[in-house]
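Consider the two complexes below, in which chain A is the common component and chain B and chain C are the respective partners.
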Partner chain A sequence: MPEQITTVQAACPECDALIAFERPPLNGQVVRCTDCSVELEVTSINPIRLEVAPEVEEDWGE
Partner chain B sequence: MSFRASIVGGSGYTGGELLRLLVGHPGAEVGQVSSRRLCGEPLHRVHPNLRGHVDRLFCAPEEVEACDVLFLCMPHGKAAGEIDRWRALAPLVVDLSADFRLRSAQDYQAWYGEAHPNLAMLERAVYGLPEVSRESLPGASLISGVGCNATAMTLALLPLARAGLIKRAIADVKVGSSEAGAEPNEGSHHPVRARTARTYSASGHRHLAEVHQSLGALDLDATITAIDMVRGVLCTAHVEPTRPVEVKDLWKLYRSAYGEEPFVRVVAERRGANRLPDPRVVVGSNHADVGFAVDERSGRIIALCAVDNLVKGAAGSAVQSMNLALGRPESEGLTFPGLHPA
Partner chain C sequence: MSDLHVPELNDASAGVRLLYELVATPSVSGDERACAEVFVRHARELGYETEIDEATNAVAHRGAPAHRAERHIVLLGHVDTVPGEIPVRIADGVLHGRGSVDAKGPLAAMLIGASRAELPDGVRVTVAGAAGEETAGSPGARHLVGRFRPDACIIGEPSGWDGVTLGYKGRLVARATARRAHGHSAGPERSAGDEVVGWWERVSEYVRAFNEKRSGAFEVLQATIQDMQCACDGLEQVAWIEGGFRLPVGVSPEGVASTVRALGSNQLQVDCSGAEVAHCTTREDPVVCALTGAIRSVGARPRPKLKTGTADFNVVGPAWGCPIAAYGPGDSSLDHTPNERLSLDEFARSVDVMRRCVTDLAESLAAPASATFDAAGAGSRLR
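And now, the complex of A and B:
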């Protein structure tokens, strides 16, 4: 029997696009939004909570 | 089924871009290309990139014969006075000048300082920016070209205008030297034009009339600055919104407005060198890259759009509109993705 895939979804906090996980994500997992390309960290798994990962500015420190 | 397309006034940069696009268009047969100044000279004399691609000589305007599509690339004011003559030669005429861009005779008089010589045709022409006039283009017999700065401003602001989000906007528009055309002038002399950041229109640019026509009455002004770039327009519009918004709201608006558009790409990322639109990325392509950001302190929206002024801002939109008018696939002949690095 083929393995049944359960898809869980969460909204991207940056652009509100739905991000699908084929298996429940792990805390601390980093994913990328396919719409706005932002890098997201899973900060909670029940319920799933995503936060935008910190970015480095182009002129940081200059 | 192919169609024969000719160009009146094809020696300038816009004419050259039209030729480049038509040479690569699977349905187009390039017909005649006229130039009074270069009559009898090969096209590659002024369009060297087309050497070997189109073996043709410039003809005189009087020698242009009947064809399926006739593009007019003449100086401002010429097409309006001669439009009946050209329309007699082709069932579809696409005029790339500013002569038929405005629907209202009053607006034309106000922005161009003179009465329009052919009001009947002014009202019949369809504005050739499919993102705002797609429904009117099929079957059109006269299409007006677009202003390049207007295109960048319109596409940057369109989702915000439709959502009633613009209380007041100022567009900072940076432009390349090819906007000024192939004829030299005081501002295009190399010691003046090179390595510059020279504002030549602080407010009230004529292209604002097109933006108002496309988006409705807005509190909008623009400042146009020549920068050290050959092709390209970058519009950075600073918008005071009518209500607070977050980036997430803007994603929804821009996705909704442009999700089905073949040439408009939303570029609003947090990483990498190209997080927001850059005209260099769209050089040679018919893409319009739009992006946005929100200043969390003031609530100001920053809306951007980058286009190649000669393609999406002129010849590309003209070919896209022609495709729609002829019932052909909208993207036909326009799939070149641009260069990187350029």
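And now, the complex of A and C:
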């Protein structure tokens, strides 16, 4: 019998596309919207809330 | 208890007292023993089991005993500093002193934060202050590579209390030396100085060509002259240039060493040292997620960072292959400077973030669903 996959979904705040997670995401995880390619951070997991992720900064030093 | 008698510490928290005493105890690389003893003394007072190992690493453990631990989190900072004494003082809520940022602030934040974290059964947390991080080869961290095989690791280096460091560039140092019999400067022959400068010009052209289609400090190959000398005693000319290279992900120190040697000539000897491989994690990494979530939970917007320097991240990251990120209070632009200082408010915030992060990470590790501790969910990797 094939394994049943439960998906959870959330809407991209930029383009409203539905983003599906095969497993519950981690709080703080960053995913990419498959429609508009924007990077999104999971800021809440119950319910799932997505925000545009902060840009990665470049810094020097240790 | 500490026997320090410093008026500014009368009403200070245990964390600030630990931080102050670590910073006030000199620990230039190779001379870390006294500072390691301060670390383990405070760690015992916080309830840790402690040791100073053969490499003079100061190590503190809590949670499940080693033989019963199912999951292991290692928080790895360093106790050593670069030379340069800075009078230790607290003024206007800021601690001034060598190592306050790099990296006794991050180390103290890890020890205090992890001591307050809630740990489920079977989870062991180790906080280690490595020796020799500021020297080529990082002997303390390399010793720990063989001792531990953790499920998750946080490196204690300054990212700012609301920052999370995802990766560090690699490094290589190459020194080209030319020697030749002294001749008249009006003669036709190239001098030893000409030889090493010619080598550096060829290296610079190689670096320019390599970077042609790259942009961003983390993506490019950086090459700078760190030191140089040209001398003559009347009989022999000796000239050398030492170049420092910062390597992006995917560029091996061995490959760069081979290239810069090939750009030499039969008049030159090129010696390479200080090789470290660049290492970078992803924004799906569970440790990055735990730090990001902890920073969010105190109401701040996390700042992910990539660093052009190197750290023990480069040593243990590739060796352990576990989820990893670097975190700690402080402005890394103050590393190694005469102005090294740390805001005590920032320090307190980072202690809270560390407590929340370790609690969350331990809970995630202990959960049955984390059997592989892969990043959960969908989405593409950032890099």
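Everything that follows uses one rule, which is that the second predicted complex is superposed on the first by the 55 of 62 C-alpha atoms of A that agree within 3 Å, B and C clash if a C-alpha of one lies under 4 Å from a C-alpha of the other, contacts with A are read in each partner's own complex, and residues count from 1 in each chain.
Basically, a residue touches a chain if its C-beta (ideal position, glycine included) is under 8 Å from a C-beta of that chain, and two chains touch if they have at least 3 such contacts.
Computed from a predicted structure; not experimentally measured.
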Touching partner for A:Cys15 - first (chain B), second (chain C), both, neither: first
First (chain B), second (chain C), both or neither touched by A:Glu39: both
Partner touching more residues of chain A, whether chain B or chain C: C
Partner chain(s) touched by A:Glu58 [first = chain B, second = chain C, both, neither]: both
Which superposed partner A:Pro24 touches (first chain B, second chain C, both, neither): second
Residues of chain A that lie at the interface with chain B and also at the interface with chain C: 39, 55, 58
In the complex, chain C residues that touch chain A: 102-103, 157-158, 163, 165-166, 168, 216-218, 283-284, 286, 288-294, 296, 301-311, 332-333, 335, 360, 364, 369, 375-380, 382
Parts of chain A lying in touch with chain B, wherever the complex brings them together: 13-17, 35-39, 52, 55, 58
Contact footprint of chain C on chain A as seen in their complex: 19-32, 39-43, 53-62
In the complex, chain B residues that touch chain A: 247-248, 251-252, 255, 268-271, 273
